[in-house]
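See below for the structure under consideration.
Chain naming follows the written order as A, B, C, D and E, and within any one chain the residues start at number 1.
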C-alpha cells in the first residue's frame, strides 16, 4: 500500500539553558490514505511535539528538528521551503489543537476564520469564501447564520466544531488532531468524536489522533503508537494493542484505568513517576518503573522489534526473540 | 542657524525681506498678569502696559521728570498740583482724552488693592476738574514725591467707557492713549500689540510688537541668537559673555533701581543685638559672593539705594571682609561659640546661590545656618509675621525717589507686610523719613536721606548685597532701544536698520 | 440499615452575577452513609464543587439543611463550626492551586494542627506530620521541599495528608485525580481506598469521569444543572440507568476495549446556562423523551425502588 | 477521562533528592541569576547603595566644600566630574546624592506600598461597599496627574526632603492599592486559601500567611520600578524648585541649578542627569528581571 | 453601548466631586496668602485685608467650598483667576490647545516609533534588533524628561541650530517638545507592545493561523496585533491622560503655554480658582480619555463589546 505519510527516525529536541529536552526520539510510523493513527501517551510524552514537527510549526528556538525524514506524498517535508510548506498547511495537512477555547482568535468572527483558510488555498474571492465558510459550519452542525458571531459566543463543543470546520475546510488529505476532546465534557466529546468519524469517512481523510485516552483509540483509530518519554514503545494496529499488548508500559497503562465494564477492586498502577525530560534515565527510559526490568535495560536502548506482523515493540523482552526481522525491514 | 522660524506677521505684508520687517519680537521671562494697570503691579505687565498707556508725567532714562499727558504743571499750594493736559489725544477706542479721564483713573487707582499704595497720598475727594484740559490733584498731607509717583506705569490713563464696557475682563481688553494698542493675547505664550495710527505723538516705526514669554533664561538667549526674537530682556549673568561676543547681538547694560539685600529679623534674638548684625556683615565676603553669583552684572551694593536713585549715598564705608572682627563682635555679644539660625530665600536662583555661599561662609564664625527655600507665598506670609531669622530679598525703587526706597523698608510704622520685614525701629530714622516725605525743599530732603542711609549702614539691619543692572540683548539691526532704569523700556522708539 | 453520616435537605446555593441569579445548586437532597463513598458526577459547571463547598460551609448556602450526624451544620456559630471542621475535610482538584506555594510540605501539613492548636509541643507536631507523610506515602526526605518542586501525584498526596491531619470522619474529594495522568491517578485512587479502609472514612467523591466514580463509589448521584437527577448504588446505576441523562452519559464513555460495542446516545446541544434556568425539567432541551409536562413541571427526585432515586416524570416507562 | 489542560510540572528527581530547604525565593533568585541584564541592574543598584553608605569615604570632597576661585572647572584629574558654580566637586556631590535619591525612592515607595497595600488588601479581601469606597477614592487620586498632586502636596506641606517623600509617596498610593487588590482578588478564591479556611484558619491568618506572601511578587516588581519612579518624581520636583533644600546634593536640584550653565558648562547638568539615568536604568533592569523571575509563565 | 456610556458618565460625578473636595481642601490648608502674593512685598496690610475680603478668603472652609460647588453647579461658573481676574475656564481653554497638541504629537511620535519596534522585537525575540531596541527603550524610560529636554536644546538648538528651543507656535517649535515627550512614551509603548505581543504570539490561535498556511506577516498583523492591542491601548490612553496635566516639566523647559505649566504657576501663586478649575478640568478630561479607551477596547475586542450591551 502506498503511504500518505511516512515519518522516519524523527528526532526533535528543545534546547534551553535549563537543559535539552529530547522530546521526540527516533520516531517512526506511517499512515496510509484513509487510515487513522492514534498516538497515545501521558503528559510530556512528546505527542504534541510530534504533531508540530510534521506541520513544521515547532517554535524555534527552543525547539529543533534534529534529524529524520517526514515523507509526505513521496516528498520530504523537511526539505521544503517555507512557502511550499504554507501551501501544504491547512490545505493538504491540517491540525486541530487541544483546547478549543484558545485555538480560535477571539477578535475575528468564526466565519472570517474559516474563510481565511479557504481564501489561502482556493482561488475564491471574499464573498465566495464566506459562503463556503457557512457551508462548512453547517457541515459541522452549526447554523450558517452564526458565521458572524465571535468565538466567545459559542460553547466549548461548538468552538471545537468550528476548529474542525477550519481544519476540514480545504478538504485535507491528512488531519492531525491533538487531543481534540480533552477539554470537553463526555457528552460533548461523544458529539465531537462522532462528527469527526463521520467527516473522516465522508472526506476519506487520513488522521493522526493524539490522545491519552485508550477508549478513544478503541473508537476511532486503526493503528496506535504508544509513546513514553519521547519514544514510541509500541506500534501496532488496534486489534493487537487491545488483545495482546506487549510492552510493559502499555500493559501498565491498561491496568491503571478503571474499567467501566468490570468490577475491579484494586487498580494496578505503574509504580514511580515520569522521568525528568531533561535528564532521562539511561537505556530504556521506562526501566526504573518497569516491573520486568532487566540489567540490560539500564544500559542499552531497546530497538524496534517486530513481534508479529505489524506489531512493533521497543523492549528487550522481545528483542532477542528475533533480531533479523528488524534488519530485513 | 536658521532664520526662517520667526512667526509670520499676522497682517499679510509683502514678502520682501528686512526692509519691510515690521514686527518686533521681545522676549521676557514671564507672561503679563493683566493689562489693567490697577489690577497688578508686576514687571512683565508694566513692560507691556508701558506701550499701551501713558502717564501724566514721564521720567526719562535719567529719571528726570518730563511732560507726559500733562503738558505742564505747577504746585498751587503745599498739597495741590495743577496739571495742564495735552489736547488732541485720542484713546484707542477713538474717544478724546480729557481731565475727566484723569479723575476717573486716579479714583479707580485709589480703590485698587494692588496699586493703591502708589497713589495713596492723593486725596480722592480733592481731585478737581477745572476744565476739560485742566485738573487739580491734592494730597492729604504734604507729599514731596507725588510727581514721580504719577510717572509710575500704574497711573497710566484709562478710558472710562472702555473700563465700564469690559468690566471684569478689562485686563484683557486694555484701552490707553499710547503708541501701541492691544491686539491679542495668547495666554502663557505671547501678547501682540499693533501700532495705534491716531497716536498723538511720533508714530512708532514698527507696526507690530510681540512680547513673548520665555521663562528659561538660557532659552531666551538662544532664541535671541537664533533670531527667534529681536530683543531679550534680562539676560542671565551666565550668558553675558556669549551675547557680548556675538557680532549679531548687542548687549545693553544699564544700572537699574533694584537692589538685593540680606535682612535680619531685628525683633528677634540674637539679631536684636546690633553687634551680631555687624559681625555677620564682617563675616561675609560680599564682594566675591556677588561676583560669583552675578558674574559682574550689577555691582556690590554700597548702600540701601541704588546709584541712580536721587539722593543715594554712594560714599558709605563698606564693612569689608574681616572674620576676626566678626568673631570679636560675636564674642562681645556673648556668642563666641556661635549659634544656629536659618536663612530664608524664595526660589530665585541668584538668591538661593547667595544663601548657599553665605551659609558656607558663616561656618567660619561658628554660625550654623540652614538654608530654607520658601515658596513665595509662604515667604511673604512668614516674613510679614516675623517668623524668619535672616532672609534674602530685593527691592525696586521704581519711582527713583528715596522715599519709595526707604520709607516702607525702615519706617517703624511699616513693620511686617508693608515692607519693613527686618522689624527695624529707630526713632531718628522715623523722624528723618517723615521730613523727607513732607518737605518740599530738595536740599532738606537730601540731607535727611543722607543721614538715614548712614544710620542704616551703621546699625546694619541689612547686609547690602547687590545693586541691580538691567541687561538686554538686542539683535544688531535693532536700533533706538534704550533701557529705562525702572525696567519698563520703551519699545515705540525702536526701529530696524 | 446503614447509618447516615451526612444528610442534605433542599440545599440551594444561588450566586448573584451580573447577568442574573445563577442557580448553581438548586434544591438538592441526598445522604451519605457512614463509611461509604458517594460519587457525584455531572458535566462541567453543573454544581458539583459548589455542593461540596456548601457542605463544608466554605460557601454559605442560600437555603436548606446539612445534617452531620443529625446536627444542622449550617446553623452552627463560628465556634461550633470550628469544631465541626475537624470532622470534615476537603481535597481539591487542582494539586497546584490548592497548596500555598510559599509554604513547605511540612508547613502545609502542619497548618490544620497549628490552626486548631492540636499540639502545644513542636516535637509532637513534627512527629504527627511525619506520621501523616508515611500514611499518604510521601518520603521523609521531602519534608522541607516546596510544592513547586514536586509532581502532581505527590502534591495531591500532600493535600490528602492535610485533610487527614485532624482525623476527620468525612472528606469531600473534589475531583482529586482529574488533573493527574492515568498512571499517577491509579496510585492516588488506590491510596484513597486504603485510607478509607484504615480510618473508616466517608467520602463524597466528585468527578466528571464515570469510570473513576464507578471504581470508587458505593453509591452514585448524577447531577445536571444544579439538580440531582438520579441516585442509586453503582451496580444498578450502571446496569440499568433510569434517567435519560444518565443513560446518555453512560453510553458516551469511550471504553478501552474492542469487545464492547455500545449504542451511543448522542445528546443534542449543550448544557444550558444555570442563570435563570428553565421552569420545568432542566434536561428538557436535550431529552429524547421529552413531553409537554416536562416543560412546565420540574420532576421531583423520587425513590422509585428501594435506594434508587430518580427525577424524571417517565422513569421506568422509558426504554 | 479528561485531564485538566494544566501540565504537570515534572520535577527533577535530583532536586528532591538533596532535600535542602529551597524556598520559592531561592528559586526566584536562581532564575534571576540567569538573567544577565537583571544582574547588571542589580550590580548598578548595589554600587549605588554602597556609594550611598560609604559616601563619606568614596567622595574625595564634602558636599559643601565651596571654593569660589575654583568654580566651574571642567572635568579633570582632581575633580573627575568638574566643579560647579561654587567650586564644589560635582563627583562628590553626585556620590552623596545617591544617598538622598535612594532614601527618597525607598521611603516614598515604602509609604505608598504600606498604605496602598493595606488599602488594597482590605478592599480586595472584604469586597463590597468597602471595596467600592476605597477604589473610588483611588480613582479620584488617579484622576489627578501625580506630578500635580505631588506639587500640590509639597505646596501644602512646604518643601523639604521629608515632605517630598510624603508627596511622592501619596501620589503613588493608587497604583499599589490596585495591584494588591487585584492579586488579593485572584488569590482569595484560590483553592489553597479555601483549604486554609477548611481547616479553620481565621481571616488574620489567611491574609497574613496565605494571601500577603503570595501577592508579594507583583508588589516587589512594582516597588522596584516604583523606586525608580519616585526618584524621578523627586528629581522633577527639585528641578522646578519645589524639592529639597540647598545645599543638599539632590540630583534633580543639581541638574536644575546647572541648567543656567548648560551651554558653557554642560558637565554640571550632564553628570547628575547621567546619575539619575543610570540609577533608573538599573532599577528598571532589576525590576524587569524580577518580573520575569517571579512570573514563571514568562520564562523563556 | 449608549447605556454603558451614560453609566460611565454618571460615575464621573462622584469622581469630580471627590477631586474638587480634595484639591479644595489641599489648597485651603496650603500656607501662603493669595492676597499677599498678589499684592507683593510692598503692599499695605490694610490692602491685603481688603483683598482677602473681596476674594472671600476669610469665610470658613465649608462656606467657601459650598459657594464653589454651588457656583459651579448652578451657574456653571468655576470662578475667576485671583491674579489675572480672567475666567478660569477661559484661561484653561486658551492653554488647553497647546497641551493637547503637545500630547497628541508626543503620542503620535511614540506610536509611530513604539508599535513597529515592539512588534519587530517580539517577533524576533532575543535577536540583535530586539536586544538593542530593548536597551534603548529602557534608556528611554530611564532618562529624566527634563534632562533629555535640556540635552536636546543643547544639541539641536545650540550646537546645530536646527530648531528653536522655546515656544509652541509653528511646527518647527513643536519638534523638540514633541520629541522629548515622544521618546519616553515611545519607550514605554515599545516595551508594552513587545511584552503584549510575546504573550499573544504564544497563544494557540496563532498556531492555528500558522497551521492554516497563513504567511507570517499576516499572522502578526491580522491575528496577533489586534489581540495584543488592548494593553497597548491602555498604555497609550494612560500616557495621553497623564500628558494632559503631567507634562509640566517639558512644558516649562520649552516654554509651551500649556495647562500643566498654568497649574504649576497657579499653585505657586496660590491662584486657587485656577488650580481647582484646572485640576478638575484635567480630571474630567482624564476620565473622558479613559472612557474613550474603554470604548476603543470594545472596538478591538468583541468579548468586551458584548459586555457593554
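Here, contacts are C-beta pairs under 8 Å (C-beta built on N, C-alpha and C of every residue); 3 or more make two chains touch, one makes a residue touch a chain.
For clarity, every value in this text was computed on a predicted model and none was experimentally measured.
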| item | value |
| --- | --- |
| Graph distance between subunit D and subunit E, where chains that touch are linked | 1 |
| Selected pair, greater C-beta contact count between B-E and A-E | B-E |
| Centre-of-Cα separation between subunit C and subunit B, whole angstrom | 88 |
| Euclidean distance of C-alpha centroids - subunit B vs subunit D, Å | 46 |
| Contacts with two or more other chains, residues of subunit B listed in rising order | 216, 218, 222, 375, 378 |
| Subunit A, residues touching no fewer than two other chains | 43, 98-99, 185-186, 189, 212-213, 215, 257, 273-274 |
| Subunit C residues counted as touching two or more neighbouring chains | 151, 181-182, 184-185, 208-209, 211-212 |
| Residues of subunit C that touch subunit D when the two form their complex | 53, 56, 58, 81-82, 85-86, 89-90, 92-94, 96-104, 111-112, 115-116, 141-146, 148-152, 159, 162, 165-166, 178-182, 184-185, 208-209, 211-212 |
| Residues of subunit B touching subunit E in the complex | 1-2, 5, 7, 31, 33-34, 36, 39-42, 113-114, 116-117, 120, 168-169, 171-172, 186-190, 212-216, 218-220, 222-223, 226, 228, 375-381, 384, 393, 395, 408, 416-419, 421 |
| Subunit D residues within the subunit E interface of the complex | 136-137, 139-148, 151-153, 155-156, 158, 228, 232, 235-236, 239-240, 252, 255, 259, 262-263, 266, 269-270, 273, 276-281, 284-285, 288, 298 |
| Interfacial residue positions of subunit E with respect to subunit B in the complex | 30-45, 47-48, 50-51, 54, 80, 83-86, 91, 94-95, 98, 153, 157-158, 161-162, 164-170, 172-173, 252-255, 257-258, 261-262, 268-270 |
| Interface residues, subunit A side, partner subunit C - complex | 42-43, 155-158, 185-191, 193-194, 212-219, 238-239, 242-243, 252-261, 264, 266-271, 273-274 |
